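What follows is a pair of complexes built around subunit A, which joins subunit B in one and subunit C in the other.
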Partner chain A sequence: MTDMPGPVSRLRYPLGWRVMDALERGAGILWPRALHRLTGWLLIAPALLLVAVLCLGLWRIAQGSLHVLDRATFLPAEAYTLENYRTVLDSATYLKIVWRSLSGAFLTVVFTLLLAFPYAYMLVRTPSPFVRKALLAVLFLPFFIGQVVRAYGWLIILGNSGVVNDALGLVGVTPMRLLFSFPTVVFGLVQYMLPFAVLLLAPALTAIPRETEIAAGSLGANWLQVLWHVTLPMARPGLVGAGLVVATLALTDFAMPAMLGGGSQDFIANAVYDQFFRTADQGLGSALALVLVALGSVLVGAVFAAFGAGTLAMGGKR
Partner chain B sequence: MTSPSQKLVIWALVWFAILILTLPIVIVVAASVTSGNMIAFPPEGFSLKWYRKILEARELRQAFWRSLQVSAICVLVSVPVGTLAGIALTRYRLRFAAALQVYLLLPFTVPLIASGIGMMLVFGEWRILGQVWPVGIACAAINLPFIIWSVSSSAAALDRDLELAAQNCGAGPVATFLHVTLPAVMPGVITGGLLMFVLAMTEFLVSLLLTDARTVTLPVQVYNNIRSIITPDLAAVSTVFIIIAFAAVWLLDRLVGLDIFLKSK
Partner chain C sequence: MEFSPGVRAVDNASFDLQAGRFLTVLGPSGSGKTTLLHMIAGFLKPSGGEIAINGRPVDAVAPHRRSVGMVFQKLALFPHMTAAENVAFPLKMRRWDPRGIPARVAEFLDLVRLGGYRDRRIHELSGGQQQRVAIARALVFEPELLLLDEPLAALDRKLREEMQLEFRRIQKELHVTTINVTHDQREALVVSDEIIVMEGGVIQQYAPPLAIYRQPANAFVAGFVGVSTFLDGVASPAGMRVGGTDCAGRQALPLAEGTPVRGALRAEQISLGPAGDMLAGCDTVLPGRIADMIFEGERLLYIIDSDALPGAEIRIYHHDPTGFDLFEAGAAIRFGWQAQDLKIFKTGRKEPTGGVLQ
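Our next item is the complex of A and B:
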């Protein structure tokens, strides 16, 4: 043994270890053992703080909604009042916009799930890794491209002199006005929501053992019966999660109604935006925004209460 | 087991989904290389002149640069915050865990228009409106659930005994975190970070609310230009976004594999 005792072997003690020891000591001083049962809270605190900014914003909106616009000075009046909410609830225009948003969201959920379910099913069940990868890539591309560019693509395709009308013109059909209509907005929303829905559904479908379907089939069920009695019920958490996300995102969407609806198919978010930036009536805009928050929360709350958080739960198994 | 009619129905729906997912991408790329001055189909011939035009357009270049800054800030803020939160939610016993879940899902359940306008009012009060970095913070706040999901699904897969074993061998809390916990959740951190970067890059509504003429980001710039007139230069800009998306998908596949999203929880 040539190892010398004493100070020299202390030098051999690797630098990384010493840094780590210093870190441990520092951590021990900053966060003593007595506090260790609170470590979880320490780790989660920054996230709570970041979301707090959002809550503060909601609080400011709530405050703003209690002041009417003083038409003489164009500043919010001092007095507290519920007048803005009365205006929103009494107005036929806003009722129409709320109704349009709700029906749009509902139709979007139906069509999105109709397309997302077979897509997710194929993704999970296909034996070919290549098909699976291709399906995933096709799904992620639009997800990463963003709403504006996708809506722009639809403007080119569906415009009055767009691809569809050009193609129709070749076979002698007169150009149709496809843009700026309710079905087009819903169509755009379905396309926008599809990746979200598939990604939320796929884990739920992965959890269904193929054997249960095979068993049902070997007991004489045809594929529609298997789908109805086995697959769909077992996929319910995923369907709930996906439907919930799609419904809230569609109900509150701004870009698709703005770009594909061209101002004639406004959803609630567009009306809020107009109140803030066109009419400059912040109080009324705030009241509308809170109505939207309330609608969304009722939706989320009802589904949470009925089915639990579905696949939205964070933190996994405990 | 799979009957012909089942195959037919499933494939028909899947092909329709593929069509509507990819058609806008194909059309935008095709429109961006036209040599005509209008978007027309079939395209009038091949040219890259619209790319030259967007390279020369100063406002587009600046908007692109600002979008990069926003994404960078969003990643710098959200990755540490989201990683710690994801680990805390999975590996620590917290009281009121159910309430915490609902609270941390708020960015997802509160409508974006409300979050955006709320932050516009708050940032206006704090006198930080009209700068680029608050937009990055806002993007981090509204997309936070994405990275928490991503990290916590990795953290849930880590065996608790590994951490205990490390501590048994004499590792302190910091060493355990750095050598056991963090490497185990790394796939989730990378996935989440990439998601946050791209989502911030393409974020539209909140940026629209928080920016003014001097601080517009690229998606807002595209939106503003669309409102006036549709010309192929926007198709060229859009193609830039499409290239970024391709790069992101490729990276994601190389780093963690796209299949990670299919794992059941």
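Our next item is the complex of A and C:
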């Protein structure tokens, strides 16, 4: 083939291109063309596998929840029974824990969104790149520290001889017990959830054109009316998405109630932990865990039904 | 309005507009026309000067307390409301009697010919219908002034021309004082009672459409509105001299002989004939050659080279469909014009006429 154009025969493709070509040939052998319409399934297979393992675990927990602990042998009894669920429902303590988890999650959502909305709004609307970067840095700093270390930080700040009580002492206020109370747990949760909420709200606020707010102003709305009639309704998908994520994370949280509640402010996850690792009553722990899963699912389902999936719908049905 | 020290987006842009008139501010992008509009609406504060609406200074009045309706470039409709709710919004915000609102909303939706679409969401409406909602919303509360911030720029040509006539019809029907901002010279000529041509934050000319087109105040206006051929030369008693060629023309202001000048000739005001034709009625007749011809549908555009006018690219419109094949590319021709049609301006500094309607 002497009539091949000269430049082509002399041309050597860059190494990166040749590596890509070789990879593509290899992929062609491992995954022939005929299978290409299944490529999507191949790519989500690992995720599906993960969910399947999770379901398997859930199934084992469901099975475990149907056996009571035999106090003689400290092994689950053979007989199938709903006794564990009755224990949960009859126990005033557990109902109180469930109620505390739900109200704690609810208050966390309310306060987190109240704080996150102005933060995200500022982040999105500020004309200064410096302010935007500063706001992001401040937001992420506690993110990097981790929940347990952060909770420990609060112990130092809020303890009986902590920073806050020292400061109060200077103005003559007697030291008070700030730790191990319900408000402190909610406070810790809000502080923990704020970055999640801001990051979920920011894209929704970015999608609201500044011009729309200006237009509302020129049509006669003051800033409060603009916020109420235009910005908040248009930000609803973001508020719903952020609220859902915060609610599920707070409802199932373990570290904040454990460390800032000091055993007196347990959430459901703490009760589950106690049953599995302290009392070794796996049946009761499993029943509690399933109650938690059910609560979370019903909550999310109810919000989806009432408000749509918000930003979590990824632009699908609203 | 100063953005940064020394840079003025709008500089000394004083003008008066009579109530009930339709004014268009015409200029290329970056000429300061949107800044001017945003200052009138109150979104920007001028660093100096005064804005008054119906005789009352509004500089200290917040945008939501001004009686100014605005149609925005991207419309800025509320996507979470229906067409009727969008139109009702300013009435609710401005505390109109709630019992009267539905009837008034219906009246204005009828005015913009959207009577049957009141319960549609914004995304269920076409681009033209969204325009109409935006117009109704800006007008429903009886503003003293209507501002249009290039709302037609994003539409395709056919819809744009339809909406231009709609704006004109609605404005005539309501007699609302209107300031429109655009870079589309055709739109400015079609819709306006008066036109301000802006460039570099400075008003170049303020005149009715016909005067803008026929008596441009300077070379910029002559070039921005309509298609013109420019000739560079020096002033002479009969008009101007380009190279060794005398060109009959009218000087905007009497100029000393030898002053550097620029002449502008409208493409439709140059006559064209075969070689040897004397072109009766023309004050200057020159030989040339057809360099190119461009068919534009309703007219033919000839591009002419002439040794008598070195460097100039002469553009001539030919509107007679029976004679479209009269000349071929390369053919020798003669072209000419009447003295009154060659407008001669001093080059260099622009000569803004300020805000006095001519």
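Everything below uses one rule, namely that the second predicted complex is superposed on the first by the 283 of 318 C-alpha atoms of A that agree within 3 Å, B and C clash if a C-alpha of one lies under 4 Å from a C-alpha of the other, contacts with A are read in each partner's own complex, and residues count from 1 in each chain.
FYI, a residue touches a chain if its C-beta (ideal position, glycine included) is under 8 Å from a C-beta of that chain, and two chains touch if they have at least 3 such contacts.
As the structure is a computational prediction, the values presented were derived from the model and not from experiment.
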Contacts of A:54 with subunit B and subunit C, given as first, second, both or neither: first
Contacts of A:175 with subunit B and subunit C, given as first, second, both or neither: neither
Which superposed partner A:229 touches (first subunit B, second subunit C, both, neither): second
Subunit B versus subunit C as contact partner of A:216, first or second or both or neither: second
Subunit B versus subunit C, judged by how many residues of subunit A each one touches: B
Which of subunit B and subunit C A:76 touches, first, second, both or neither: neither
Residues of subunit A at both interfaces, subunit B in one complex, subunit C in the other: 214, 217, 222
Subunit B-facing residues of subunit A, complex: 20, 23-24, 27-28, 36, 39-41, 43-44, 46-48, 50-51, 53-61, 64, 114-116, 118-119, 121-124, 132-133, 135-150, 152-157, 159, 161-163, 166-167, 187, 190-191, 194-195, 199, 202-204, 206-207, 213-214, 217, 222-223, 245, 248, 251-252, 254-255, 259, 268-269, 272-273, 276, 285-286, 289-290, 292-293, 296-297, 300, 304, 309, 311-318
Residue ranges of subunit B in contact with subunit A within the complex: 1-3, 5-6, 9-11, 13-14, 16-18, 20-25, 27-28, 31, 39-41, 77-78, 80-82, 84-94, 97, 100-115, 117-122, 125, 137, 140-142, 144-145, 148-149, 152-153, 155-157, 172-175, 178, 198, 201-205, 209, 219, 222-223, 226, 230, 234-235, 238, 241-242, 244-246, 248-249, 252-253, 258-259, 261-265
Subunit C - residues contacting subunit A, complex: 41-43, 63-66, 68-70, 72-74, 76-80, 89-90, 93-94, 137-138, 141
Contact footprint of subunit C on subunit A as seen in their complex: 209, 211-212, 214-222, 225, 229-230, 233-234, 236
